[in-house]
Each structure stands twice: as C-alpha cells, then as structure tokens.
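Below, each structure is written out as structure tokens.
Heads up, the next two complexes both have chain A, just with different partners, chain B and then chain C.
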Partner chain A sequence: MKLSSSEKNGVAILEPKGKIMGGPDATILHDKLHEFIENGIRKVVIDMGQVEWMNSTGLGILISGLTTLRNNQGELKLANVTGKIQSLLTITKLITVFEAFDSVEDAVKSFKA
Partner chain B sequence: MKKPTIIENTIKIPSSQEYLPDVDSFLEGILRGYGIEESLIADIAISVTEMVNNGIIHGNKSDINKEVAVSILYKNSVLEITIIDQGEGFNPNGIENPIDDRNLLREVGRGIFIVNSLMDDVRFDVQYSKGTRVILSKHL
Partner chain C sequence: MDFLQSIITAIYFAFGGGLLFLAYTIIKTRFANRLNRITGIMIFFAGLGPIFIALGSIISPNVSSDAPFESSLIHNLLYIWELFFPSFLLFSWVFPVDRLSMRKFWRLRYLIFLPHIFHILLVIAFRNPEKLLNFLDVGSGEGFVSLILGPISYLLKFIILGFSLLLHSQETLFATINLIYALTAAYFIIRGRKLVANILLRNQISIIIWGILIAIGLYIIAFLIPEMFSMEIPALLQTVILIVALLAGGSSIGWSIIKYQFLDISLIVRQSLVYTISSGILVGLYILIFGQIDEIITATFGSKTNIVNIAFIILALVLFQPINSQLDNLIQKLFLKNRTDYRNIMEILSRRLISVFEPDQIRAMIEKTLTSTLLVEKIYFILFDDTLNEYALLPSHDYPKKLVISRDDLLLGGVGQLEAPSVIARLAEYREGSRLSEEMDKRHIELILPLKDANHLLGFLALTQKASGFRYSAEDITMLGVISNQLVTVLTNSRLYADSLEKQRLDEEISMARQIQLDLLPKCPPHSELFNICAYSLPSRTIGGDFYDFIPKNDGAFGIVIADASGKGMPAALLVTQIQAMMRSEVGNNMEISKALYNVNRHVVATTSAERFVTLFYGEFNPATLDFNYANAGHNYPILVRADGSHELLTKGGILLGAFPEAKYDKESVKLLKDDLIFFYTDGLSEAQNQKDEEFGEKRILEYIVKNRERTPADIVEGILADVRRFDQTEPPRDDTTLVIMKITQGF
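Then we have the complex of A and B:
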C-alpha cells in the first residue's frame, strides 16, 4: 500500500493506494491518522478510490481513526468507496457507522454543513 | 530477513506480517493461472490474509521461529486453501458477534466473520499444542 496526503479547507485528505492487509502498510495508515489527530486536525477524509481491497486489519484502522477523532470532537468520512470495500462495509454493518460520499469534494463540503 | 519457502502450491512464511505481501502474490499468481475472475480472487485473498494474520498473531504469537503454511488445491471446480500454524490452538466459537451493535466500534474481532461471509465453507481443526489447521473452500 502507498499513502499520500493533502489538505483542503482545513480538512486532511488521505489517499491510500493498493491493498491493506496488515503489517507495515497498515501501520503507515494508522500512524498518519494519529499524527493528524496529534497535530490538532479534527476533520479527515479518506479517499478509498484507489484501495483494491482490505481485510479486517484495514477496517480496524478506520474504526480506530473514527473513534479517536470523535473522542476529540472530530470526524472521519469516507469518499469514493469502491464495490469491494462497499461490500465489506455492508457485511460488517460498518456502513451504518461511517459517512460515505461519492467524491472527496462532497466529503470536504459536508464538514461545512 | 528470511525468505518464504515455496514448494509447488505451498508457501511457508516466518510469523511476521511483513510476509503477507509474499503470501498474497503467491496466492493471486496461482489463482490467475486457474483463470479465476478478479473479484473472486480479491475475496479469496482477503480471506487467506485474514487467516494468515490469525495464525501469525493468535496462533504463533508472532514467534519468528514458527511458520505459517498456506497450501492451495483446485480440484473438480472446488478451490481448497489450507492454512496451518504452529501455535497452541484456539476456540473459534469463543468469538463475539462483530455485527452486534455493542461490538460495531471494536477495532478487532471481524476476521473470521468476514471469512465465513466470503467463502463457501470454513473448517477449523484445532489441535491444542500442535497448531491450528483452517481449510477454506470455494466452489468455482
């Protein structure tokens, strides 16, 4: 997995690419999310458009980021959720936990509302 | 870093998650050779990496001197993948339901549930002190 990040209107955007299956790749995503939180960033969007698939390790990282942000009055939102990830979120009922948007732009805009 | 051992349709890795990409490459290469469609390959790869993670972490307790083996058999349109660790064994029935509302925000505990959802059959053969053998089946 590769990870890039950017910022738009005070919202941090993370863009993982590839597969999230556990080990060093998963640690990179976890650490980046928590680095944002430690630096006072409370609004995060994860662009899932380039994630081929993830297993429960990846889902655990998303949950960890979400709960840590919420505990700090922040929020984590998802964008561009692909078919495979959508299916995993549905199977695990996590679709009811995460707010997901069709585009990063929509997800960023939603923080203003 | 030790290298994985590959003999025909079996790969053996030391108990570290650093080797997960090796397992995935090995698995996906063989499945593509069988002509299996990409979406199914992803489901199978998700399931196998789940069980290898379990073998490394819960079975072998990340003891680098212990191995996790993955073997692939494709016969009569049935794909059977066996994952064996060298741990103490565990009780697969002692896991809480991850889709219970009380457990939705737990960071762990979804692996076996996901595998059961994606594969047609999941069998555990737990031999305490001798390791756990998990057999995943998919009708193709």
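Then we have the complex of A and C:
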C-alpha cells in the first residue's frame, strides 16, 4: 500500500493505493491518523478509489481508525467505495457505521453540513 | 688424564656451558624483568661451578707437585661460584611470589652477598699467609720508624693470624653459611608456592622447586655436610652426585621455560634453546667418540692420521640433513607441539568450540584456554544479555554478582570503537564518570578484547595482567585477537542455535495448539433421518481463525455456528477459541439469539483491540418444526437453496463482532422444507484466486450449489472443494476455509 495525504478546508484526505493488508500498512495508517489528531485535525476522508483489494486485517485498520477518531470527537468518512470493497462493507455491515460517498468532494462537503 | 676423568670433564663443561648459555638467554630475552635478571644471575653462578671444576681438572695435572691444586689461583676462583647461594636466596624472594617490591628496605637485599665477597677476598689474599707475614717482618729493624711500625705490624700480624685461623676453618664456616642460605631460600620458595592460584604457573613452579631442591639437597649431602663435619667422601661419588644435582637444577628450569613458558621466553628463543642443547650433546658425543677412535687408531698404526677426521666430515655431510630433520621432528613432538604453541592452542580451541553451544561452556573453555596457555590471571566477560536487553558484567569467582551496564556507559562506547585487543590505558578518554570503568579498575583490568560482529558490539573480554607478572607481548595480542574473532562466531552460532531450539519448541507448541483446535471442532455433526449435515474446515497454516460448531439445546433444537476471525495463525486462533466458548456459554444459558450475539460482541470489544474482529453466523434449527432462526454478524451470507432451485441469502443480523460495543443484532426466521439446503462458508472459499487474480466469488459458489442441490451434502462439499482447488492451486491455501452444508431430507 502507498499512502498520500492532502488537506482541504480542515479535512484531511488520505489516498491509499494498492492493497490494504496487514503488517506495515496498519502502522502507516495508524501513525498518520494519530499525526492528524495531534495536529488538531479530526475530520478525515479516506479515498478508497485506488484501493484494489483489502483483507480482514485491512478492514481492521479502517475500524480502528474510525474508533480512534470517534474517541477524539472526530469522524472518518469513506469516498469512492466501489465493487469489491463495497461488497465487503455490505456483508460485514460496516456500511452501517461508515459514511460512504461517491466522491471526495461530497465527503468533504458532508463535514460542513 | 684417564678416560673417566676426560668424560667427567666434558660433562662438567657441557653443564657449565649450558647453564651459562641459559643464563645469557634468560637475561637477554627480558632484561627489564627482575625475575629474569635474578634467575639469570643465579644460573650464571651455578654454571660457573662446573666450569671451574672442569678447568681445574685440566690444569691440575700440569701443576707441579709442590704447588697443589688446592692452593692454585683457579681453585680459589672457584669460590666465586659460592655467590650462587646469595643469588639463590635472592631468587627465593622474587619467585614464585615477588616479595621484594613490597618491602621498604629492599635495596638492602644486596647485603646478603657481603659474606661471600668477603670470603673470596679472604681466600685470594691469604692463600699464602706466610709470605704476608714475612713482608711485614721487613719493618722490624731499629729506630723511630720501627718504633711506630712495630706495634702496627704486630697488630697487623695479629689480625692476619686471626684471618689465617679463619682461613683454616673457612671451609666449615662457609659451608654452614651456605647451608643456612640454601635452607632459608628453600623455605621461602615452598611458602611462596602456596600463594599461587594459576594451574600452569603451579606446574612450572613445582618443577622448578623440585629440581632446585633436589639439586641443593644433593649438594648439601655431598659437599656441605662433609665439609662441616670434616668427613671423607669418595671423590667419584661426589662427582656423580654433583652431576645429578646439576642435571636436576638446570633441566628443571630449562624444562619449565620450554614447556611452561617460564620467564615468558618466546617460542623462537625456546626453540633455539632446545637446538643448542641438542647440538651441544651431539658435539660432546663427537668429541668423545672422536677422541676414543683417534686413540685406538694412534695405538694401532703408531702414528696420527687424518683419516678419522676426513671420515667424520664425510659422514657428517651425508648424515647431517636426515639427523637434523629427525631431531627437529623429535623436538617438535616433545616440546613445541604442546599447549604453549599458539598454532596448537588455536587448533585445539577451535576444534572444541565447534561442538559447544552452551554459552556457559563456551566461556569456561575460553577462560581455561587463556589462563592455562597465556597465563592470564583472571578473565571477566561483559556480554550483551538478550533477556535483559542490556550489557552485563557476568559473575566471576571473586565478584559473584551480575552487573547490568548501561548502554550509554562511556567506556562501553570506547570499547565499541576498538577494532582489536587493546590495553585499557588507551581508552583513557572514555573513563570519566563511567561505572564500567570503576568496575574495571576494581578488578585491575589491563587488556580489553572487543567482540564485534560486523559493527555490532556483542560485548568484550576484560583481562587482568598475566599471572607471571609479564606484559602481553605482540604475539599474545595477535593470538587474543584471533581468539576473540573466533569467540564472536561461536557466540553468534550459539545464539542461532538457541533460536532454532526456540523455534522448534514453538513449532511443537503450535502443533499441540492445532490438536486442541481440531479437538474443539465437533467430532461429528448432529444427524437424524430428518436432515443431513456435512462440515469441513482447513486452516491455511497449522492453526487458523475459522471454526464451526453445533450446540445442542434443551428443546431438541441445535445451534449452528460458523465464524472467521480477522488475521491468521495464532492470534486469530486464540480469538476464535474465545468466541467459541462464549457462544457455547450463551446458548447453554438459553439466551435468545439477538441477546446472545449482543453479549458476545460486548465481551469481544472489551477484551480485544479495535482492529481485531470476528464475523460470525449463528442459526438455530428445530427439527421438530423445521424452523430456522438466525442472526448474521457481518459474516459471508449463507445460501438457502430451495428444492426448486430458487435461493435466498441469510443476510439479516448486524455488524461484525468486536468493533462496536453498542451493536445490535436482529433475528430472522425462515421455514425449511424437504430437500432445502443451507450452505455456510467462510471467505477462504469465496476469495480463492486463480492466476489472473480473479476471485472464485459468491456467484460461482451460488451457481455450483444450485446446480448440485440434489446431491448429498458430503458430495457437494467434496465437489466444491475440488472445484476451488482447481481454481486456486496455491499451497498452502491463502486463507482458512470452512464450510458446512445442512440438507433437509424429510419434510412434513
């Protein structure tokens, strides 16, 4: 997994690319989220558009990210959730806790509302 | 001079010469060392004895009868030899333990030489007292001069007469003095031996002590006691005893030097010493044989010929090389191929170290090698301790407490900079405020041997000075460098070995865990003529995060559980084991399905970290009514296939277990009919991938089940597994795979 990040209107946008799996990926994402929290950013959007695949450990990373942000009065939203990941979120019913949007813009906008 | 006399003379010369050479070598090798100087002086004086005797026996036959040998100058010079006794006493003060450097008035030690110097002067000056008296009588004339000189000359005469009397009894007197010296020295040496701890040092000391004591004892018996009590001993017996005494004393010191590194004389010098002694013996043999043959030839042919000489030279030319190399081999075998030869030490040490993996044994072996070969007094090990994750100064006999050394310790940092063994003095700039440095001072550390693996410091060896008091030579330091490199390899191997043992132990534990996990799966599914169940589970590793279970209920119904924990291997296995127990407990307590999952979820949230979760499907089947009630906690949807080929997915329930404490789970109910079947599975099946990275997927599963719905559950399990294995041939399978099929065989 490769991870790039940007910021828009006080909302951090994370763009993972490739496969989100166990091992170092967990640490990278976890550290990044904590970095945001320390810098006072508590609104995060993860753009899933370029994620090819995610295993159960990857899913665990997302869940722990959401929990971490919520414990710090923040929120984690997903954007561009498609195909395989959409079905993964549906089966596990995580779709009921993650807000998912068709685009990053929509997700960012949703924070203002 | 008869034959026996000439042999004895030759032997005396050989011994005397040998001892003088030994003395020269010892002093020359390490002049700076007091022990070497004193030993050298002692051996020098000991060597003078046989030389003087030999010279005396050559000269005496030529001296006319009115000037007997006893009063000749050469005989009187013999008394120089007696300086051996004070130097022997001096030797006993520095060997085996140096007592002199501790004494305040050690400069006074040379006073012990005074009686013997006086003795020599006395003997030389007064060997003809009558002449002296006559000389003094010249002044006894008339007049003023004689008036003054008279009393003086009488006084002098009186003194001279006194000395003359002394001269007459001098042999007895000095025999007594020498005896006292020898016994005192013997006392000091024997006392000193008890103070020595090093085994090798004790060996060399024992040999030297026995050699010298035998020599002195023999000398006392053969010479001093007869002289003290004016006894007569046959001259030949005296000679034989003297030769034995010289042999014992000289060879004990020579042997210790060659075999036990006494006086720290280097290998090359020791080697040359051996060669010199052996060639001396050869020359002696030549002289004897030559002399004898020459006499026979002269007697036979009546005149001298050169033929023997020429024959000997030819013989020597022909035989020299083979004899020399044979001698060389013999010497190597006898003396040099032993534990003081560095190459030999390395060879033996590396051979032994290969078979040892126990760190304690490795340390013991290194300690033994260094103390017995290099005479290192004490060795301390400072090694990185894997369990402490710190460096530690390991316990020793004198400091039985293990000390943890901080990684920031300044001296430790200094040692880390070293590439080769180094004296601790060179690390002076790394010492201030260092705890390690204090400890090193306490232990009188002299040399540091860093143990480095690439750039990582495994620790170091701290060596005190040598037991013999000598400094470490360049040769020693080179060898210590080689030994420490070897130690690094051995220590690394020992760690790898320990790791592999640990891994083996872990493997055994895991296979035991696998057995436990297999035992936790139901031996055989519930069965009756109403329904038919087949279940299958295969972990991708030895143990896995999938499980299925059938839990009987009181009302004749039973629960079916299928679950998949996130991750793989041991962590996932531990999690599912916990879940399985919880589910059994909830169902056993007749908890309603929604409530059961709610409870389990709260437990899992409380006991695991946020990123760990479990997807689980739980259904309860009542064979009496064919009702199937279930709740799906984020698990792959089980497929209900009806007899007519239509299907529905069992999706109702709630979010996966273990992530959100307040999650709620809805219960759903379906009515089953004859020939309906439900297919439960985990994602190991649906996410099997072919070489094009395509997944086997829910669609293929569904199609297969619908198509094969009329077959028995066992056939369907076998068939779909075969299909999936054809699709994804990865070995071992990517993920844990579990499937359960329940088919209703009789309806109402």
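Note that in this section the second predicted complex is superposed on the first by the 113 of 113 C-alpha atoms of A that agree within 3 Å, B and C clash if a C-alpha of one lies under 4 Å from a C-alpha of the other, contacts with A are read in each partner's own complex, and residues count from 1 in each chain.
Note that in this section a contact is a pair of C-beta atoms (placed from the backbone, for glycine too) under 8 Å apart; a residue touches a chain by one contact, two chains touch by 3 or more.
Worth saying up front: this structure is predicted, and the values here are computed from it rather than measured.
Enquirer: Specify the outcome, clash or fit, for chain B and chain C once both structures are aligned onto chain A.
Expert: The answer is clash.
Enquirer: Regarding the shared-chain residue A:64, is it in contact with chain B (first), chain C (second), both, or neither?
Expert: both
Enquirer: By the touch definition at the top of the document, which applies to A:82: first (chain B), second (chain C), both, or neither?
Expert: Once the two structures are laid over each other on A, A:82 reaches no partner at all.
Enquirer: For A:72, decide between first (touching chain B), second (touching chain C), both and neither.
Expert: In the superposition, A:72 contacts neither chain B nor chain C.
Enquirer: Regarding the shared-chain residue A:21, is it in contact with chain B (first), chain C (second), both, or neither?
Expert: First partner only, chain B.
Enquirer: Touching A:56, do we find chain B (first), chain C (second), both, or neither?
Expert: both
Enquirer: Name the chain, either chain B or chain C, that contacts more residues of chain A.
Expert: Larger number of chain A residues touched: B.
Enquirer: Identify the partner contact of A:6: answer first if only chain B is touched, second if only chain C is, both if each is, neither if none is.
Expert: neither
Enquirer: Which of the two partners, first being chain B and second being chain C, lies in contact with A:91: first, second, both, or neither?
Expert: It touches chain B and chain C both.
Enquirer: Tell me which of 292-300, 310-318, 652-660 or 670-678 in chain C produces the clash with chain B after alignment on chain A.
Expert: The stretch that clashes with chain B is 652-660.
Enquirer: Take the contacts of chain A with chain B and those with chain C, and give the residues found in both.
Expert: Chain A residues touching both partners: 22, 26, 56-57, 59-61, 63-64, 67, 84, 91-94, 96-97.
Enquirer: Sort out for me which residues of chain A touch chain B in the complex.
Expert: Chain A residues touching chain B: 19, 21-26, 52-57, 59-61, 63-64, 66-67, 83-84, 88, 91-94, 96-97.
Enquirer: Going by the contact rule set out above, which residues of chain C touch chain A in the complex?
Expert: 564-567, 609-613, 615, 634-637, 653-656, 659-660, 683, 695
Enquirer: Contact residues on chain B for chain A in the complex?
Expert: 16-21, 24, 39, 42, 45-46, 49-50, 53, 98-99, 104-111, 113-114, 117-118
Enquirer: Which chain A residues qualify as touching chain C in the complex?
Expert: Going by the criterion above, the answer is residues 22, 26, 56-57, 59-61, 63-64, 67-68, 84, 91-94, 96-97.
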